[in-house]
Amino acid sequence: MEIKVRAFGIAKDILGFREQTLSVENGETILEFKKRLLSQYPKFEDLVSLAFAVNEEYCSEDFVLQPLDEVVIIPPVSGG
Amino acid sequence: MEIKVRAFGIAKDILGFREQTLSVENGETILEFKKRLLSQYPKFEDLVSLAFAVNEEYCSEDFVLQPLDEVVIIPPVSGG
Amino acid sequence: MTDSLMDIQVLETPLSVEKCTAFVQDPAAGGTVVFVGTVREWTKGKRVLRLEFEAYKPMAIREMTKIVETVKERWEALKICVHHRVGVLEIGEEAVIIAVATPHRKAAFEACEYVIDTLKQTVPIWKKEVFEDGEVWVAAHP
Amino acid sequence: MTDSLMDIQVLETPLSVEKCTAFVQDPAAGGTVVFVGTVREWTKGKRVLRLEFEAYKPMAIREMTKIVETVKERWEALKICVHHRVGVLEIGEEAVIIAVATPHRKAAFEACEYVIDTLKQTVPIWKKEVFEDGEVWVAAHP
């Protein structure tokens, strides 16, 4: 299935894109998606944290992705 | 000897004046001055506190008044 | 009492949050905290028409300066502004503005709160609340 | 997210302390505390030329709204304003302004500090410091 991926801050720099459609396994969880991301882009390992949001809400690692979900990759925030 | 007395806030209302020259005993302390004030104007007894300043500084009750000192009567403050 | 690092005034004219905040701006500041004390409409269920503040001005400035000196030392504050209004104030008007800039923000919160708490205890300024049916010197009686 | 009691915005234009403070004015307020976060010139001994902020805007507004809702409940805040700037900011410019009005002042200090502390932990906004010899996403690495 396909999902949309958006990245901000340093995540965007590591990935080299701000927005892209990616193919993932049907019923993939955030945890599985994260593992694949880390193995493909090891620089994510160096970050203090790595969170994900779907539908403008933080989601837990057992969240099951649906086709056309927009997954937002959230590196450590630093507003304020 | 003579001293100058200034009063603010409710102290001014109780005394009925804002500024006056008063005669006191030579070498009178703030404590003695305060006692005389309380007996002459019993409404001061009702206040939460009563402080005195000489030369723009709070002074303790054993402070000895000098001729021409300006004694400022400071009822409970309520700035801010 | 005004120099380049502190601005302490008792004023008969309306206060300005913008001015107080601008004064404490500093390239080394990481956080600025501003306290604004306004005239409340209700106190203990009674409607306040207006407030009247009076100050023993030279001593008020002196006492505020002491507070500010403590803050500069204890919290390494960079710049501090304390403006207190006197005279007749209408509901919603600013009675006091305190702005503190520090390198790190936690200190700015603590320092600003210390200034207002201490100001209310030691600075010779008095507030009279005027109601429809009378007036009261605030905090005078138990 | 703006109604009569809260004003939460992510803006590309300069912020205004005056506006944020004015928004939270309330006849029932006894204390207003305003936090202003500015761009610092030095960080760990290095000179910052400018900052660049980016936000995941809809979620940033949502997360800020959650914080504000908590504050309204926990501290009985009357009105709250949170304005966060994004884009390129020069030294001394305001990055964030948080204003909280409560009936009693202690609550305003606590609530305002809670907003900035929590905002820095949960709101999806990112800050890049630009130096003469490179740039760094703040807080990304240990």
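Letters A, B, C and D mark the chains in the order given here, with residues in each chain numbered from 1 onward.
The rule we apply is simple: a contact is a pair of C-beta atoms (placed from the backbone, for glycine too) under 8 Å apart; a residue touches a chain by one contact, two chains touch by 3 or more.
As the structure is a prediction and not an experimental result, all values here were calculated from the model.
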*State the smallest step count from subunit B to subunit D, taking one step as a move to a touching chain.*
2
_Whole-Å separation of chain centres (CA-atom averages), subunit A against subunit D_ = 26
_Using mean CA coordinates as chain centres, what's the gap between subunit A and subunit C in Å?_
48
*Residues of subunit A engaged with two or more neighbouring chains*: none
_For subunit C, residues contacting two or more additional chains_ = 37, 116
_Contact pairs between chains, per stated definition_ = A-D, B-C, C-D
*Within their complex, state which residues of subunit D touch subunit C.*
16-18, 21, 25, 27-38, 40-42, 91-92, 103, 105-106, 108-109, 112-113, 116
*Touching residues on subunit C, where the partner in the complex is subunit B*: 37, 53-56, 58-60, 62, 84, 95-96, 116, 119-128, 137-142
*asked:* Quick check: in the complex, which residue numbers of subunit A touch subunit D?
replied: 6, 8-10, 13, 46-48, 53, 56-58, 72, 74-80
